[in-house]
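Letters A, B, C, D and E mark the chains as written, and numbering starts fresh at 1 in each.
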Amino acid sequence: MTITPEFRPAPGDLEEHEFLVNMGPQHPSTHGVLRVILRVDGERLVDAIPDIGFLHRCFEKVAEGWTYQQVVPLTDRLDYVSAMTNELAYVMAVEKLAGIEVPERAQWLRVLVAELQRIASHLVWFGTFALDLGATTPFLYAIREREHILDLFEALCGARLTYSYMRIGGVRGDLPPGFVGKTREFLKLMPSRLREYENLFMKNRIFENRTKGIGRVTAEEAVAYGASGPTLRGSGVDWDLRRDEPYAAYDRFEFGVPVGQSGDVYDRAVCRFKEMYESLKIIEQVLDGLPEGDVRAKVPRVLKPPAGDVYTRVESPRGEVGVYLVSDGGPKPYRVKWRAPSFAHLRLLPVMAKGHMVADIVAIIGSIDIILGEVDR
Amino acid sequence: MIDVQYAVVLGVLLFGVGLFGALRSTNAVRILMCIELMLNAVNLNFVAFARMLPQGSAAGQVFAIFVMAVAAAEAAVGLAIILQVVRQRGVAHVDRINLLKG
Amino acid sequence: MSILDRLVLFLPTLGFFVLGTVILVSAWMVGQVRRITHAAFFMVLAFTGVAGVFVLLGADFLAGSQVLVYVGAIAVMFLFAIMVSDLKELSGPAAGSGPGGSGSRAPEGDGEAAAARTAARAWVLLAGLVAVAFAGIVLAAVAKAGLPEVSVPAASGEPTTVLIGRELFTKFLVPFEVASVVLLAALVGAIVLAAREDKDRGLGEEADSGAGAAGRRNGGVTA
Amino acid sequence: MHNLTSLLTGFWSFICGLWVTLVNTVRPPVTFQYPEKYYVPLEGFRGYPALVVDPETGETKCNGCQACARACPLGVIHIETAQREDKKRYPVEWRLEFGRCMVCNLCVEACPFGALTMSPEYEFAEYRPEDLVYTLGNLKLPPEGFEVRRLDGSTVRTGLAGGGRG
Amino acid sequence: MPADLGAFLQGVFDQVHLWASQSPFWSALFTLGWGIVKVVLVLGFIIVNVLVLVWLERKFSGRVQSRLGPMRVGRPHGWAQTIADMIKLLGKEDIVPRAADKALFVIAPVVIFTATMLVYVVVPMGPRAIVSDLNIGVLYLAAAASFTVISVLMAGWGSSSKWSLLGALRGAAMLVSYEVPMVLAVMGVVLLSGTLSTNAIVKSQSGLWYILVQPIGFLVFLAALFAELNRVPFDLAEAESELVSGFNIEYSGLRFAFFFLAEYANLLALSAIAVTLYFGGWQGPFLPPFVWFMLKTYGFIILVMWIRWTLPRVRVDQLLEFGWKVLLPAALVNLAVTGVYVLLT
C-alpha cells in the first residue's frame, strides 16, 4: 500500500496498533511549511511520507518572464537562509552563457560573501537543530552571532536577508568603509563562540545519545539519492565542489573538508559544524589577499546571451545548487531549472526515518537542514 | 462516631457491586477492573476487622497490604494476558475467547 | 450537649456515608458505563474513595499505600493497556451483552438478534441475582455474628506506621517475603507476556522500549 | 566500569554546558526595547526607493524617463510626466506600489540621473493596504536626511538632498 | 517586633482554641475556620509565587540567552507581565474540541491542580507553618503525585488528539517510572531521620544537611524531579518541537491556565520538598525560618531553571532506560548503604 498525501486510511489499511499522524504543515519543527505524514506504531515510525508544495511560488516559470538581471533578486527567495549562494549560482550561469569575464576582485568578494553566508546559514541550522532537540538556548546564541554577519551584509548591500548583491559580471558594490576591520573582529570572536557551542551542545551527552546511529544513510544511498553537501559528506563521501570543481576564486584558498563516516545525524551535524571553522579560514585568507580592481565587468544594459544552454553548480551551505539555463537569444531566459539540494535530501527522509521514533524524525529533519523555500520553489 | 460495622457493610456492598459488574460484562479488561474492586472490598473488611482486634495489633492492615501486593500482581499478569490475547485473536470478549472449544 | 454538638459528632458518619455512596456509585459505573476509559476513571474514583474510608477508619498508612498502589500503579496500568492497544474491541461497549455474542454486533437474522438480546437480558438478570444473593447472605451472616461495636477513630497509642512495620517484619516476615517473590514473578511474567515479538522489525531489544511496552512494564514494577 | 565512566563523562558534559550558560548570563543582553530605542540602520540600508530632491529647486531630479519602471521586475513603479515651459519633463505622478515592492535596488541602479535612492527607513506598517501605495508626496526624501551608522561605529547623515548611492 | 507580634498572635490563637475546645460544635467550627484560613493562605501563597515564578523563569531565561525578557508591562523589568498574561488567558475563548471526550477534558485541569494543591499540605515552611504535619508525610507526597499521572492521561485521552495521546502516554510512562527511584531515593532520608513526617525530617537536619550525607540520593532525586516537573531534559510529555505541546495541546484559555498554574505550583512544591528533604528546610541562623525556607527554595528553583535552559531533551526510550538502568540501581544502592549505616550506628 502506498500512502499519498490525499490518503485516508480505510479499515484494514493499516496494521493493528498503527495510525497516521500529520506532522505539519503547522508544526514547530518542520522548518517552513512541510507536511510529513507519519505512519507510526506507538512512537515508532513505520514510514514517513513528506508532502511538499505549500511554499510553491512558481519561481521557474516567473523567471522565464523576467530579464536576466531581474531574476537575481528572485533567487534570493529560494533558499532564503543562504541567499548569496543562490545568486552566485545564477549569475555564474548567466556569465557562462554570455561569456562574461568577471574581475578578480569581484570573484574574491563573491567567495567572501559566500563563506560569510555559509557561516550564517550554518548558525541558523545549529540553532534550529538545537531547538528541534529541545534545547532553547543555543538558538538564541547562534542568532546572536549571526547578527554580526547580518550587520556586515547590511553595510555591504543594504539588506539583511534578501541581499540582491550579485550582479551579472560581478557584484553590486565594493566593500563599505570599516568592513574589513569588522570582519576581522568577527573572525577573532567566532572560534571562541564555536567552542562554547561545542561545550554547550555538540559535546553534550544527551545530544550524542539523541543523534548517534539515528537516520543512517550509507554512502551508496546518499549518492543514489543525489545527496550533496554535508549530508553527502556525513556519509563518508569526500566531495566538495569548492575544492573538486572550483568556481569563483576558490582554487586560491587552503581549506579542509570535514567528512563523516557513519552517515547518521551526528556525523552530518559534526560535518556542518566543522565547516564553520573552515569557512572562517577561507574568510581570513580572502581578507589577507584581496586584490584591488573593479568589482563589476561592463555588461550591456539589455543582456542578450547567445542561444544555448548551460549548467552551473555551486556548493551552498546545504549542498549543490545547480542552475540549468536555456537561452533563445532574447533578453529573457527561455528556461530556468533549479536544482535544489534540500529537495534531494527530503527524498532521503523516508529512508532515514524508518524504524526510528517520532522524536527522531525531528532530529533527522533538522540534520538535513532543509529550507522549504527551495524545495517548493 | 462511625461504627466499624458500617465499614463491613460497605465492604459487602462493594463486593456485591463488583461481583455483579464482573459477571455481567464480557469485556475482559472490565472484568479485571471489577475484580480489583472486589479485592478493594476485601481490603475494606480487613481494615474494619483490624479495628476489632485488641489495641496494638495491625494484623488486618498487614493483610490488606498483602492483598494489595497480590492485586497488583494479578492486574499486571492479567492485563498482560489480555493484551496478548487481543493481539493474537483480536478480541477482548471473554465469550469469544474459546480456544479450548476448538 | 446541645443539638449542634450532636450534629458535629455526626459529621464523620455523614462523611462516611458520602464516601460510601461515592464508592458504590462509581463501582457500579465501572461495570455499566459505556466507554471503557470512563470505567477506568470511575475505578480511580472508587479507589480514592476507599482510601478516604481508610482514613476515617484510622488506617492512614494504608490509605497512602492504597492511593500509591491502586491509583498510581494499577489504574495507570489499566489506562495504559486501554490507550496503547486502542482497539475497538477493547474500548467498545461491553455492558448489556451476554454470552453468545454482544447485542451491539448485528447478527444476520432479526430473530437471531432478538434471541441474542433476550439471552443477554437473562444473563444480566442472573448476574444480578447472584450478586444480590451473595450480598444478602453475607449481610445476614454479619448481622447474626453480632460483631462487637467498636467506634472509630479510637484513641490509638502508636502511629500505624510503627505498628504495621513491627508486625510486618516479625510475625508476618515469611508472608512478606512470599509476597515479594509473587511480585517479582508477576513482574517477570508480565514482561514476558506483554513484550511484543519484534522479529520482523529486526530491531530486537530496542524495539519494545517504546512508550507502550515501557508503560506496561513500569506498571508491573511499581506495583 | 565502562558504564560508570560513561556516566561520569556524560555528567561532566552537562557541567560544561552549565558553565557556558553561566558565562553567558553575565554578558550584557544584545536585544533592546525597540520603540524606546530606535534601531539605527547601517549606511546603505534598503528601506524603500525614494526620490532625491534637488537642493536648489526643491524639486525631484526625476525627469520621468521610465528607466526605473522598466528595470523593475515587478512593475510596481508608475510615472506620469508633463512638460515644463523649458521643455524639461517632470513627473506629475510618481506611484510606487510598495506592498508589492521587493526592495531589490534594481530601480536605483537603473536611474541614469541619480534621482532615486534607498531610504533607510524601515517602519512601513499601515492599517489599510491602499496606504502602502506611495505617491510623489511621500516618496520625496526629507531635506534633512537620515542618520545612519557605519561599521566603524561613526554615524553619518545620508539621503541628504543631492546625495544618493548607486 | 515581628517576634512580639508572632507571640501575640500565638497567644490570641491559643486563647480562642482553648475557648473553642469547650464544646464539640465550637471545636469543629474552629477547626473548620482555621482550615479555611489555612487553605486561603496556601492558595494565596501558591498564586503569588506562581506569578513571581513565571516572571522569574522568563527573566532568567532572558538573562541566560542574552535577551532582556519581559520589559513592557510594569516597570521596572516587566514585573506585571504574568498578571497581564493571566488576564489574557482568562479572557480567551474557552474551546472544547468537538471530538473531545468532554467529561475527561473538563475534569483533567481540575484534577491536576488539586493534585498539586495536595502536595502543599505537608510542606513545612517553618517550625509551625505547616498545614498538617502528617506522620506519613513522605508516603502522602508520593500518593498525591499519583493523581498527576491520572490527570495527564485524562487530558491526553480526553482531547481525542493523536499528539496529545502520544504526549500523555509518554508523560504517564515517565511519571510512573521516575516515581520509583524518587521514592527510593527519599527513603534514604527517611531511614536516616527515622520518620516519615516532613517537619520531623527538617528538625533532624539541625546539624547536617542530608545532601552532604546522601549526595547520590540527591542526584537521583534531582533527576526524578525533572521528570515529575516535566522540564527539560525530561519535558517529553510536552515536547514542543516533537509533539507540538503534548497532552495539553487542545487546551486554551482558563483550562490551559490551570495546567500552567499547576506546572509552576508543582515546581514550587517539589523545590520546597527538595529543600525540606536535603537542604535543612527552614533551618538556618539569624533569619526567621520562613525567610530561610523561601531563600533556599528559590535558590533551588534557580538551579532547576538553569539546568532547564541548558540541556536538550532526551528521547523517550533513553529516558526510560536511564530511569530503570541508572537511577533505580543507584537509588537501591544508596538505600542499601544507608540501611547498613543506620543498622551499624
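Definition applied: a residue touches a chain if its C-beta (ideal position, glycine included) is under 8 Å from a C-beta of that chain, and two chains touch if they have at least 3 such contacts.
Everything quoted here is computed from the prediction, not taken from an experiment.
Ranking every chain by how far its Cα centroid lies from the centroid of subunit D, the top place goes to B. Should one ask which of D-E and C-E has more C-beta pairs in contact, the pair is C-E. With each centre defined as the average position of its C-alpha atoms, the distance from subunit B to subunit C rounds to 6 Å. Work out the mean CA point of subunit B and of subunit E, and you get 33 Å between them.
Chain centres here are Cα means. That of subunit A falls 26 Å from that of subunit D.
Computed from the mean C-alpha positions, the centre of subunit C lies at a distance of 70 Å from the centre of subunit D. Of all residues in subunit B, those touching 2 or more other chains are 87, 90, listed in ascending order. Counting only residues that touch two or more partner chains, subunit A has 16, 19, 42-43, 137, 141, 144, 200-201, 204, 206, 357. In subunit E, the residues that reach two or more other chains under the touch definition are 64-67, 166, 169-170, 309-311, 316-317. Taken in their complex, subunit A has these residues touching subunit E: 19, 21, 27-29, 42-43, 130-137, 140-141, 144, 200-201, 204, 206-207, 209-210, 357-360, 362. Per the touch definition, subunit E reaches subunit C in the complex via residues 23-25, 27-28, 101, 103-104, 134-136, 139-140, 142-147, 149-150, 153-154, 156-157, 165-166, 168-170, 172-173, 176-177, 179-180, 196, 316-317, 320-321, 324. Across the interface of their complex, subunit C is touched by residues 1-10, 12-27, 29-30, 32-34, 36-37, 40, 43-44, 47-48, 50-52, 55-59, 61-62, 64-66, 68-77, 79-84, 86-87, 90-93, 95-96 of subunit B.
Residues 1-2, 4-5, 7-9, 11, 35, 37-38, 41, 44, 51, 60-61, 63-65, 67-68, 71-73, 75-76, 79-80, 83-84, 159, 161, 206, 209-212, 214-215, 218-219, 221-222 of subunit C touch subunit E in their complex. Residue ranges of subunit A in contact with subunit D, taken from their complex: 66-67, 69-74, 137, 141, 144, 147, 151-152, 154-159, 162, 164, 172-173, 176-179, 181-182, 196, 199-201, 203-206.
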